[in-house]
Structures are given as C-alpha cells and as structure tokens.
C-alpha cells in the first residue's frame, strides 16, 4: 500500500471514482510537472448532494453544509489527479486552490467554506498539502451546485 | 501553409485579428513553455455582438447565442496566442480553459455555453485540444459582455 | 539597497507587511519558477478600507475608490511574493493577474478598477510588470471586500 493510500485509510477517507466531466473537457490535464484539474463539483455517486446558493436564511444552503461539500470537491479533485498521474504519492505539493461559492449577495463567509477543501488536503498531505488559495462568491454555478473548486498540484 | 492554418481553412475558420486589451495589460504572456491569455471577450471587429446576462427570459442572452460567443472567445484567444508565439503549430496542448458566464441567478447551464469554446478547440487541434476546464456563472462582466474565457496552453 | 527597493522608494511606495491568510492556506506558494499568490484583499494594517459592492449609486463603492483598493491588493501581493522568494528583484515577469470585483449587476467597469493593480506593477517593474489579465464581476467577496486579486509571477 502506498503512503497516501495508507493515510487515507487511517483517516477513514475513501477516494471517490473520477467524476465524469459534465461537458467537452477532461477531468485533469498534465503539463510539465503540474496537474490542472477541471472545476470540481461536490458530486457523490454522480449526484449533487444539494443545490442552491450559500447563505443564511430560508432556501439557502448553510455555510456548514457548504464546507462539507468543499471537502467533497477536494476528494473528487484528488480522484481526477490520481487518474491523470497514477498515484497520489507522486504529488509533491498542492500549489493552488481556487474556490467558487455560489453565494447569496449577503454571504461573505467564502473562506470558511473553502476551508473544507484546504483542511482535508492538510490532513492527507501535511506540509505538501499547503497551498495558495483564492475564494470568491459567484452568482450561480453549473447544475446549481453550491461550490466548485479547481486545483493545481505539482508532482514528480 | 502550416498544419493548423490548413486545418482552419478546411474548417472554414478565419482567425480574427488580435483584440486590443481594454485596459493596462497584454493579450497573452509567455512563461516557460506556457502561454497565459488575457480574459477574452467575444469581440468581433472590436464590437461585442451582444451584451447582458445569459439565461431564459425577456432581456436575457439565450444560451445558444452565448455558446456561439464562447466559440468567438476561443478564436480571439488563439489570435492572442499566435501573436505571442508566432504560430499555432507550436501549440502542444490546450491545458486549461476557464470560462466566466455573466449569468442570471437562475441560469445553471454554464457548461453547455463554454462548450462553444471547447468544441472548436477540439475541431482545430484534435487530441492536443483536450483540456481541463472550469465554468462559473458570474454577476457581470466587463463592458457587459455575456462571456469571458481565459486559456493556458503549452507550446514548444 | 536592491533595485526594486530603490524604485519603491523613488515612487514613495512602502511595501506593506504580509497579510495573514484569513483561512487555512499560505500567502504565496512557489512551484518551479513561478509564484502563485493567494487571492489578495485590499487590507491595510489588517483592516479592509471599505466593504460592499462596486457600482454607481447610494451604498455602493465608487469605481475610483475600488481602483485604489486594487492598487493595495497589488502591494499586498508583492509583500506575499517577497515573503516567498526573499526579494522582489528576483521577479523576472509578472505573468498573470486575475481580478475579481464585487459588482453591482449594473456595473461593467471592472477593467478600469483592476488597472489600479496593473498600473502600479508597471510603475514598479517596467516591462517586467507586463502581464496577461482577466477581470470579472462577482456577486460577493470574502469579508464583503470590494476587490480581490491573485497573481502569478515568474522569478529566477
């Protein structure tokens, strides 16, 4: 068993299957020593666990739920990366995370939502999981997903 | 005639002139073996073919129209890349496409819109046209453009 | 005194301290010959100088003010980059700037806002300050910031 596979087992994390792109692109593309993922939606077994905008109030997705979806985006991103380079043990650094949160215009807690991704990357990869990050609140996301996250990772 | 120029002719595609930046930046920047383009608006001869938000309903830009504008963004992006590296035959891979769709908050079909770019890249470049991609719905774009797309490509 | 330090003095620009990330990430990450910054908010001494959406009208942040905040984002980005690579003299090219403007849906002047960042980069770095750039209008930003900008720079 590889090092990251052992760490995933220890954390009780099962890597999901690669999420099929919802359009004419690939889940991840290698260029030089970098892997660029497609924007990852929080799909679970091909279905979004929730739809809508994140915020406080009736009909909105609670921030705590959105944080859990961000974690799922990260796991889906890792599945896409594994598909591209064969093993997560090849990752030398998570370099950049860009998180888009479908946001009610009054919701300003995007960083805490995207922490759901950042924290699971730190749990799995330790120092190699550190990354620069942007989080923004957008009007709406594909399929009405509450969160979409893309990743750039370095590998060897 | 170069290989890609022949393919463009075969497809009946005429590459537009480079769109002048609307502000203090350059159309494309080379770094190492990558070219980063500026965000491309669907300009045709210096004019946006439509303005507004994409969605269904009165006063909105129909998704099918927006898909055609996304195609134009891709052609404008290729013009910018050609200006930076001299020939599109040097492109070894379209690596990453990020598509921003100015969206009515109820519109969730961003992937189909950005397919307008992805599909023309596949037509022109075949396997080298495959790419990772993100599509998001934003509140509003510069000059009220319905679509803006940026590209990262590898070249040799 | 290094070359860029002298230029900053000449311009009367004092580089701010590195802005602490507002969540679980680092201010900048090096990969190969590139530095990726986190999304930079226009923090001044740990405080946002203004909050809200950019646009014309009561309760909105004027575009001219937002341009000044974009300049601050750039300075904060340079501080983050300096922290990662030790000296701004190592920068060989500002490669890519991505600017997110929290925008009233009727505001379409994002490029002029993000010029606040592009122009100060040109003042400091001359030709090395040229870059590809995207500017988009988003629904809302972390902490209700009016502007967030991220940078990719090449260094040697």
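Each chain carries a letter (A, B and C) given by its place in the written order, and its residues are counted from 1.
In this text, contacts are C-beta pairs under 8 Å (C-beta built on N, C-alpha and C of every residue); 3 or more make two chains touch, one makes a residue touch a chain.
Remember, it's a predicted structure, so these values are computed and weren't measured experimentally.
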item: Chain-level touch network, classified as line, ring, star, complete or other; value: complete
item: Type of chain B:chain C copy interface by residue overlap (half), same or different; value: different
item: Approximate Å spacing (C-alpha centroids) for the pair chain B, chain C; value: 25
item: For chain B, residues contacting two or more additional chains; value: 32, 98, 138-139
item: Residues of chain A touching chain B in the complex; value: 21-29, 31-32, 36-39, 53, 98, 100, 102, 138-144, 148, 150
item: Touching residues on chain C, where the partner in the complex is chain B; value: 32-34, 93, 95-98, 103-112, 114-115, 118-119, 122, 130-139, 152, 154
